[in-house]
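There are two complexes below, and they share chain A, which is joined by chain B in the first and by chain C in the second.
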Partner chain A sequence: MAQQTTIWKITSLLLGLGLLAMIMYGCPSQTGMLDTREAAQKVYVAPGEYDEYYAFFSGGYSGQLSVWGLPSARMFRNIPVFSQDPESGYGYSEETKPLLMTSYGFIPWDDSHHPDFSHTDGMPDGRWIFINGNNTPRVARIDLTTFETVEILELPNTGGNHASTFVTENTEYIIGATRFSIPYEMDKDVSIDSYKENFDGSLSFIAVDPESGEMSMDFQIIMPPYHYDLGRAGKGPSADWAFFTTYNTEQAHTLLEIYASEFDKDYVVAVNWRKAQEYVREGRARTVPAKYYHNLKDKNTGIAVSTVHDEVLLLDPKDAPDMIYFMPTPKSPHGVDIDPTGEYIVAGGKLATVIPVHSFSRMLEAIGNEAFEEVINGIPVLEYEATIIGEVENPGLGPLHTEFDGDGNAYTSVYISSEIVKWSLETFEVTDRIDAYYSIGHLMITGGDTPNPDRKYMVGLTKTARDRFLPTGPKQLHPAQLYDISGDRMELLLDFPTIGEPHYAQAIRADIIKPNVKQIYDLDDNNHPHAVKRPRDARVERDGDVVRVYMTNIRSHFTPDNIEGIRVGDTVYFHLTNIEQDWDMVHGFAIKGANSGEVLIAPGETKTIVWHPQRTGIYPFYCTAFCSALHQEMQGYVRVSAADSNVPLTWRTGDE
Partner chain B sequence: MKKSTRLGLILAALLLIPAYFTPIWTIKLTAPQYPDGLGMYIWMNDITGHERHDIRNINILNHYVGMKEIDPDLVGTLDIMPWVVGGLITLAVVAALVGKIWLAWVWIVLFVVAGTAGMVDFYMWGYDYGHDLNPRAAIKVPDMSYQPPLIGRKTLLNITATSWPYWGTLWIGLSLAAGTAVTVRESFFGKK
Partner chain C sequence: MQQVTRILLLLILALVYTGCGNGEERESAPARDEAPELTQFELEHGIGPVTERLDIGDINVERARRGAEVFDLRCTACHRMGRRFVGPPLGEITEARSHEFIINFILNPEEMTNRHPVGQALLQEYMTIMPYQNVSKEQAIEIVDFLRYYAETGEDLRD
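And now, the complex of A and B:
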């Protein structure tokens, strides 16, 4: 009898808990997988045919940016950005090493999170894609005619550039922000316990030259010492504004998982960047010391050049009224995403039980009515009730990022409950949900962050594969899922491994980029100071201990390919010019014992690798790319003699 | 000479002018790695690629079997042809002005001789190009030569070569046809 009662009690308790879970987090998601054959047809791109979209996935801790086709999910290329790439010689060749220079020296790695295209009238124009480096704060520009990193700008006085890159409507600015507040003052040495007095946040506004794409640090805004997580530029009516999320408004500096999760609300920051720009032009910004690198690949020579800057313009909200506001937002929000109309500001309340939606027009009204709760460091805090327009109930646990389909639907990734929820921007009610495999971070809809989305595909970027693929040991690649969102229900099409850890991705219709993609570098435009364009100009020159080898590559030989007169202790520069002008006809170069990588040289390009021979002997070098039928014969020898030898400097290819 | 014959000869002279501005012949090479093909145009005075770098790329491929480089500067015929055609234009105009029908016949004969010589020269060039191979070439296929077809299609190892007259040939043909037609009419059907 007593036992029965106990069982009954336990059963009701479990039922009750189940119900509570349902109420809090909604019904469990469904798989929503199409009939296999139908799904396969939707992603099948026949041999020789092209994908409809280019997609760019950030590499996360690989520091790279991978390029994919949608819907096939075939990877085309992995572009090195912040990380040395032994495959291509990026970061190893003399031409590319300066791109990785920072005020902390040569840093051959970073953590790349959020790519964003250059925009014209709010739409991606396919000229450049930008991506942030989170660790040693940087922003890179990749040229979409060559798919190569051409510029990297360091952000001064910033502790982790995470809320970046997000680009304004006509690429006026790329935004950035400090993720981890640190003392704004350069190299300031203080006790960590003095966080509240000495630490600051900062927001960065990087200008982009509309013609050349060249980036410059236009100005920064000093902020309270919160953590600034993600951002977005506004659209349409809100185009002059940029939005950032904050967490750790508690201002904790240790055990953040507990101490930074105490408050019910943190803030969404709204910055009128147009007004900020006016203030800066009026001279309201202070010039403060800073140290940061600007690395730019020269178009004529192909050589990246570093410039060091020693000051930056800093705007204090106390000197800049009506420019910046806080909107209270539950709770440690992650993403802040603007719907296609520019009216709704959706925050991913990471630890919240609802998805809060602010209204841009209500925000303007609240500012007009001065509906302020308080003012922090010159920044008015708007009343929550004055800006909020909806709270989406039952969004699952851990909502992060939202994108849109242009038909009044929003799609939010939900990390802890590992699903995507679709909800209505009219009713703020969940209308569909689907599983993610597993633990989704960002999601990306084709055009889903633009004023004019393509309601076609959605990619979920998930954090752990577990049992999804054939196992590869304790570490596995991060997966992604492709969904069809053209119908009423979200449908899973494909599940595939990616490279690095994609945090966010961007997609663009292939026809915007494809016609502009270069097939070769024009040899006539190669103004590299050490280029040789004809084999008869190939030569070796010695200047003290520095030896320069001016070498041509063409199928299937190097000129010169026999070199004598190199001595132990020399610094030998191999300047390799690929004098081919045929698409994809790439040559490589590697020499035994070189303490770096190989270099790959595209048609028409000149690349340089340094070699410090340390022992006498004969050193073979060869073409690392299988360029032709006689590829295996594409090789040569360097003779290295003792430091005091007088073997004359000679070079040749063949008998002439 | 009748006025219409004179005008016909002037027309024949004028029809040769566009032949300076368009290729006379085209050769296209396709291979598995070159689905869109590489190609060259034969002009009266030049050889150019279908695309900017095609000649360079054809030369790179050809060197493996020991073929000589295509260098328009080394093809003597290309220096002579513009003058030969210029001579034919002048002669047609002179014949029309002087009005002597025998001059028109001289023009026809010279035209046919020059045209035949041009085709023979083109064939010889193709023959030499395809047969005179560097004995130290990396790839040697016994009994294989690489002469492109004068006209039509031919498979040369992994490459399919097609060779056809181009617009310049049409203008040349029209010129010859126009000049011949009025000359023949004046000579044999002139009594009206």
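And now, the complex of A and C:
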């Protein structure tokens, strides 16, 4: 009985405490949830509803470009660009392999950093998105009606194309630059110690055809052997100009961590590209040898074709006056960002104690007054005081990149102190700051690099997740954070893991892209030389050791699905045409023992996979994409006989 | 008496706690939305873009030839004229079904399979849903002419 009383007492006490807690703090499920609920409501996109923005995150060392919705942070697609993708067959299929060709051979990887849209009147027009390959310098174009990589152009005479892709106001040019200075003549064999005599910098101007989007290397500018880090095209009054940051003006070639950090100032390069273009058209550029690849997917056939170029136009600033200037800026700057009016040029001196803001109109005045400190290789160096209009004090440690909201505010990512600082373009004073999780690189505001930003969302692209998510071992995905910037204070809404290592990102209102997205490839427009559009044309042909299988796919069979007469040592091309014409009805193809990825074939498309059978036997092939209730039945067999066998070549489907 | 007080206190507490539910209770096993019943026209002529009788006139041989071309590209993966293949034989289909029914089946195969009793019966028999093949209404009429011509003359215009 005594024991029972004790239990009663304890139970009553616990329940009483619970009641007290409930009276004081409300029901437990609501405790402390109010702010989180508000944030959740802002990012919640109900089932069946659409996001307001498409966002494109670079993949960094994945070489890809991932596509997201904002504000939900749902991932829609991961586009392979400078990478092989065993899921889709990109970089494995015969149609796409040429896209990854370079003057160094087939290179199925690169480091993709900075996506930028094609522009009309300075605004993203939703036609194409471009992205750079940093390592073996390249620029790619992705078609935003199909979300597929359709073109890759190699940059000659460049060591690391980092300041790319940034696109001018009406997509006249995509800019590029050498990050690591190297001898301009690429195959030159010299001592590394001869850096100052033999190494050069270069800037690249890639023209874009306004109708087709096709890219071409228009001209390069030879530069002193500094490192060219990031760039931006001007806008509005500065639209004819492009800007680049430099570091390593010390011209170090070893232990740059120390030796490239000695000077108090490096430069922002200002290039009047329109004037440069005039000089090039006047014939002031030299034609110099250069080997580089241009890979383009043919619209009619769907097959990428490589063209090798052997020369490029090179402009020397010594022959091109009034075209290019250095603006001193503190200290090893990383980003250079132009405000929506085109007047302010903000550099992110990663070792600087202030954020310097240069004025475009003051720069023009300084040029007019010839306020030059010196001239380097034909490039006048403007006086720092003559171009600077403000210095933002206390920006945190390691300011990198700045975006804008169109209401007179700038937002700078700060790497070492891991935060975003908001500051006024009027007073150049910090007005707000918020933590980033952890170690932020770029940040991106919806339209924040355009003349007309949407003051809605900001994404912080951070370098390490540490304790933010359930742990997945020593190496985790890179995170991103979504902030609401519509109010006076920045507010964190969400953080989420990403793919690869996103450096920069771009966002565009969904209604600019969505109406133009294709649902199928029209079979009538499929002019692939190995397409087979009607099942009765399906067949197998032998020419020596090369066998071509012309095969159709439709729910739920292949035509043909029984093939005999293949021999060990043959090279077998499966040309697969998906003759479906319904949205999202994709078929896949895989055959046992094929040394590659599968191929996915979109409706109306023809894709080719090559197979080298090495052993006799029966080889099943099947559809890898769950296409219908009878998907498991969508299969076939290939009989492989010995190299010297005389089994006749036959094929069939059903009893026909 | 003390015992009764305790029990009462417990009851009150239990009531307070259960008051903190997790929002509204879900209704158990919600029924899928019932589709509206088919109209007499839909039963006879199919569900789809065509909602009234069409006057497509007599067989037009030129139109039937165009239909043969479309049929060859978009239909022959699954259909034969005189025998069952992946889908049903079509040699006499124009005698069994109205033009509107055939056109609606071509233009709206998914709904025809899901909601129309004939489509449902065909799915039971053939086990596969006819794919939408992005055929225009004009092309569907051409296909009807091709099928009518075959049914009437026995001549396959694809040959």
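Keep in mind that, in the parts below, the second predicted complex is superposed on the first by the 622 of 656 C-alpha atoms of A that agree within 3 Å, B and C clash if a C-alpha of one lies under 4 Å from a C-alpha of the other, contacts with A are read in each partner's own complex, and residues count from 1 in each chain.
Definition applied: contacts are C-beta pairs under 8 Å (C-beta built on N, C-alpha and C of every residue); 3 or more make two chains touch, one makes a residue touch a chain.
Given the structure is predicted, the values throughout are model-derived calculations rather than measurements.
Visitor: Considering only the touch criterion stated at the top, classify A:533 as touching first (chain B), second (chain C), both, or neither.
Guide: Once the two structures are laid over each other on A, A:533 reaches chain C alone.
Visitor: With both complexes overlaid on chain A, does A:258 touch chain B (first), chain C (second), both or neither?
Guide: A:258: touches no partner chain.
Visitor: Counting residues of chain A touched by each partner, does chain B or chain C come out ahead?
Guide: The partner with more contacted residues on chain A is C.
Visitor: Of the two partner chains, chain B (first) and chain C (second), which one does A:580 touch, if any: first, second, both, or neither?
Guide: Both partners.
Visitor: With both complexes superposed on chain A, which partner does A:555 reach: first (chain B), second (chain C), both or neither?
Guide: both
Visitor: Contacts for A:546 in the overlay, against chain B (first) and chain C (second): which applies, first, second, both or neither?
Guide: Neither partner.
Visitor: So which positions on chain A get touched by both chain B and chain C?
Guide: 520, 554-556, 580-582, 628-630
Visitor: Under the definition above, what is the set of chain A residues touching chain B in their complex?
Guide: 520, 554-556, 580-582, 628-630, 633
Visitor: Mind pulling up the chain A residues that touch chain C in the complex?
Guide: Residues 8, 12, 15-16, 18-19, 22, 27-29, 520, 522-523, 533-536, 552, 554-557, 559, 579-582, 585, 628-630, 654 of chain A touch chain C in their complex.
Visitor: Quick one: in the complex, what on chain C touches chain A?
Guide: 6, 9-10, 13, 16-17, 19-20, 22, 72-74, 76-78, 85-86, 127-129, 131-135
Visitor: Along chain B, where are the residues that touch chain A in the complex?
Guide: Going through chain B, the ones touching chain A are 52-53, 56-57, 60, 64, 138-139.
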